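Following are the structures in question.
In the two complexes below, chain A is the common chain; its partner is chain B in one and chain C in the other.
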Partner chain A sequence: MWFSIASSFLPRVLGLALLMASASAAEPAVALLTTGSINDGGWSQLAKQGLDKLTAAGSRTTVVQKVSADQAGTELRDCAADGFDLVIAHGYEFLNPAAEAAKTITTTKFAVSGADVERPGIVSIDFDVSQASYQLGIIAGTLTKSGKLGFIGGGAFPSVKACYRGFVAGAKSVRADVTVAEAYTSWDQVAQNKSQTEAFISQGIDQIYPDVDAAARGVYEAIKEHNTANPQKLVWTYGCVGDANANPAAGQWTLASAIIRLDEAFAHVAKQVRDKTWKPGIVRENLATGTCVAVLNPVLLKGPIDAALQAKITAAGAALIAGTLTIPDERPAPAAPAAK
Partner chain B sequence: MINDLLIVVVIAQTLTAATPLLLAGCGELVAERGGVLNIGIEGLMLTGCIAAFAVTAITGNSWLGLLVAMGAAMVLGAGFALMAITARADQIVAGMALNLVAVGVSGTVWRALQSHGVTELPASAGFSRGWFGWSGWSSFNDLPVIGPLFFDLYGLSIATAGLLLLTWWVLRRTRIGIVIQAIGELPDAAAAAGESVHRWRWGVVLFAAACAGAAGAFLSIMRTHAFVPEMTGGKGFVVLALVMFGRWRISWLIAGCLLFGLADSVQQQLQSLPGSRALPYQFFQMLPYVVALVALAGLSRSAPGPAALGKPWPVSR
Partner chain C sequence: MILKWAPMSEAIIAVGAATLALALVVGGLAIAGFSPWSVIAVGWAGIAGSPLRLAICAQEAIPLLMCGLAATLALRSGVLNIGLEGQYLLGAVAAVAVLTLGPVGSCLPWLALIAGGLAGALWCAVAVGLERGRGVPLVLSTILLNVIAIHVVGVCVQGPLHDPATAAPQSAMVPDGSRMPLLFAGTPLHVGFLVAVMLAVALWLMQRRTALGFELEVIGLNPLAARFAGIPVGRRELTAALGSGALAGIAGAMQVAGVTWFLSSDVRSYGYAGIAVALLGRLHPLGVIPAAFFFSGLDLGARQLERRLDIPHDLGDVTKGLALAAVLVAGALSRRLGSSRPGTP
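The block that comes next holds the complex of A and B.
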């Protein structure tokens, strides 16, 4: 416990000293709160990597990891008291604590990444991966032999459901009769995700899109086992949030990844603070902003993802950006679009 | 092909899902029959996960990884025994401390591995399906029914079946079993008969720790070939519940673990059925817990646990 207190307290003291020593620095001081460990191999680790880019750009930064929703209010206020200009609370769970903190603290700006709901005084960064997932769906709908697709989510959060909706819409745009099975497992139980994948494969599903963070390793292991034993009945997979195209278990069967460039998203909000253009509201990060994009596996570009399929994906991307193609959205529209 | 039938797939998945529960449960049952309640089983499993992964990733030797996983869990188990048996501390508190230590240690080791670029097992390392990956069995994998349900199982699944049988026999038919039950029921009487209660309790705690470490190794270097922080996901607590609801009997423990594994396997199939989204997904996820615990609570007659369970010995010094 003392170690825990010391490890969260000491960096702030040192950070405050550094801040006082370099008061004229142009880049804002940024604190990051994560729900998980920064070595989780997924959501929180990607955020830390995004923060590292801000550090490299000259910002004073700190990270407070494994923060639960009930601890968040205290941590947000502590970060503000320590003189940070911007606190990025990385996770939907931080939405209400950040809104509460923003009511009384005006010197520090609060951004909640992964939230799609507007709250007074804060910026919600909505990562809309549905468009990139739509492009993945086009691949799945084109390449499936059984017409059966599967989606595995770590939890039915709005951002996860958006990936599912995009994937389904993309697949049905090229093959109307495909079915997409949907299951929810866990963000950290690798074995559970492997079992779910095996269940999918036993039902004849041959395209599996996981959005389960680091636990996707279980999905890839199941696919590796199956494809090694059944090279004539290959199952293909995808990556989500992070780039999984070269994952060691099933990289050769990973067709593409719908990724979030958290470093760019964080740089966008940090720039707003630095330039004093900060405006509370929802910041939509998507295909058009270049933050949530589909990355094809370069190894497979001369194989299953041929030139014709690549052209289809590119055309869909252009239509999504232009707004001539839209994905059904169950969420309420934002009250007012936020300027970037 | 018959091996692709849903029932065969579900049974194979049931056996796989039940393996870590049975393995850790076997050890915990023996410990509790000996009067020691170790709620740190989750932490011991997690220790086994990271120790097996780290050693296998560094050396490429899966057998060494398995042994070190058991050894590392036994070291933590010894720490628990030192507090709960020798120092006579509260067993619940000592077990909770064990869980916290294991989370911290496994996270620290994982961070250290990451900083040295050790995040994957070598391609040839880690146990694969089929009796510790022994190629001699692989030609039998396609046999109808018996292939997927016997020859294609993980090695530790088979070893666990043997361990359960051996443990049942030892507890029921041997002097060792009688002494273990005596120190769990009437430690004073056992001591009067010349048995060292502390020594026996240390023994059952270390046995339970070794089993939990092996269960952790099953998850990391056999089932998934990966490590993710806190990847045990509460399985240790499920084991505790299954041992208690199973009336501290091997047969009921097996029934409970298999039922849990079956319900888990079935819910995975159910989740992907059309129309399943009419129910919240949490309903499917809780099914294994509800089915196993309700069934055990309903079918098993109420029975008190070992009389000295959780009590330090001697009661007063």
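The block that comes next holds the complex of A and C.
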């Protein structure tokens, strides 16, 4: 009996081992931890799409969804025990657990995406969408009729506040008297975001920039309802993190999206592991690296986003990359090294 | 004989419900094309595949056990404290304040537990005060206070407890010297596990062996009869509510002092899960221990299934829901059968 069991299982086990060995020889095995669901239509879903690119490139991959800070330590250790070369912990919430795990685990590399500070032993990937948001702000400042803009964030996180800062700076660069109302709602409450959008519209706001992941559906639904009923008084909107230019509810009124190309960011860190050039520290992804960029809605290029406006956006992008144009940064300055 | 049989039948109901839920989920996965043996083997390896896995399972059971005890104390006394979620969070906030703002020291985690317990009790006292002073039902006020507690955490980690090194809404890390000591070196299991088990035994002894426990039990069964018997119902209910809040607060403090070592605005609370654990444990302080292990084991096993077999770990939550539904239905049926038996009062 033992022989029959062994003869049926051994080839499968050996085959699996060979498969894993061949995959890891070429590309690193990568695990992804997300705070939300990979179907959230935003932050976590984009990460899964980025991971899928690594899978297509030959990496063995896995994803663990909806991991809280309480569970992160266990998950990071489990992924290391499962032989993953790289664990991408997707969210600033994982920064401290990843730093703790890196103290004792040296065989697996840990990268935290969305983190803005350095921790020993890990790579923090800081996405600066403020520059792309600046370009969106130029569009909003140019096209607004009321001079009133609105920003809705899912939470007052560093990456979200950066989008707000960029949007405000961009809008004010073309029209100094614009006002930007800001509100922080939630990442998953569609109804809450819809009512917030309706409140903005009732205040005369005609450009709304949401950074609320999947809950942006509420924003787009509210804009669709308003614009359908008031075609003479249109409200325009934008996308953030993911490309929302073709969203089914309000794609025709979505002027542009500030997107994060997570697939490229993940490919950068995976390459470092594969090439053994891994170096803990902060990786800053922005307009210059081509990871955080503004994508104009191609349908509207012959409409509101005319050639002159496109030229203005392109020029601002070049100035931001060259460093001749900067956006005020509210992030704290790096702490001074402790005296010995 | 009846007294011995009663807890035994309760245990049979709970174990039967858990088994039925597991069987339904594994059966469903088999229909979906997964080998049931692989599912069981991979899931079990995630829970108890090694001493380390067992230690992790015990570690993840701690907040569930503490919140389960909090719910047991309240519900058995007829106090509908649904605010464990908020009391847990306030306990965590108080603990992080003590651990990050105070001087580093080995006694600090214990002070943090006391602070967490006091914060949880005080948060519950607000709800009791609203009920006594303004007639606001405890169920309603505790649920609403849960929402407020989430925002209190957000304000604290962006304000007085904010880590100046980052713009992220989170507190600073608890220094190594101020963390809960580990129970076994090389595992993440901290001494809070022993504290939680001792509290479960203490609660059981209190319920079985003391006048206070008897009075709370009577109030839970029939507050009117308790009042006629001369039991100070109001005071005893206050005691149960504050005790329940304190246990939930200690749970939050333990998690911060022993597991996460920091607090963020995205903190997970175990309050509602604690109520489910208490119900699965049939509101018995000792029954809550295996129920907490069942829940933490499901979490660990489900995450292992997700990593290894690409099965969404939400299935763990589905199993918990099924087990809870089964235990409630079985409990109701058992009561109905018991009351229809000849000679039963």
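Worth pointing out:
Throughout what follows, the second predicted complex is superposed on the first by the 308 of 340 C-alpha atoms of A that agree within 3 Å, B and C clash if a C-alpha of one lies under 4 Å from a C-alpha of the other, contacts with A are read in each partner's own complex, and residues count from 1 in each chain.
By our rule, a residue touches a chain if its C-beta (ideal position, glycine included) is under 8 Å from a C-beta of that chain, and two chains touch if they have at least 3 such contacts.
This one's a predicted model, so the numbers in the text were calculated from it and none came from an experiment.
Partners chain B and chain C, once the complexes are superposed on chain A, run into each other and clash.
In the superposed model, A:D128 makes contact with neither chain B nor chain C.
Once the two complexes are overlaid on the shared chain, A:A183 sits against chain B while remaining clear of chain C. Contacts of A:A31 after superposition: chain C is touched, whereas chain B is not reached.
In the superposition on chain A, contact is made by A:A156 with both chain B and chain C.
By the touch criterion defined above, A:S68 reaches chain C but does not reach chain B. Looking at the shared chain after the overlay, A:D243 reaches neither chain B nor chain C.
Where the contact sets of chain A with chain B and with chain C meet, they give residues 156.
Considering their complex, residues 46, 56, 59-60, 63, 158, 164-170, 173, 188, 255, 259-262, 264-268, 299-300, 303-304, 306-308, 310, 312-314 of chain C touch chain A.
For chain B in complex with chain A, the touching residues are 4, 6, 9, 13, 16-17, 20, 107, 110-111, 114, 119-120, 123, 128-129, 219, 223-226, 228-231, 233, 264-265, 268-269, 271-274, 276-277, 280-281, 284-285. Interface residues of chain A facing chain C in the complex, by the touch rule stated above, are 31, 35, 62-66, 68-71, 73-75, 78-79, 82, 91-93, 95-97, 100, 115-117, 155-158, 161, 330-332, 335. In the complex of the two chains, the chain A residues touching chain B come out as 36-37, 39-41, 150, 156, 179, 181-186, 188-192, 194-196, 198-200, 202-203, 205, 214-215, 217-218, 221, 225, 248-249.
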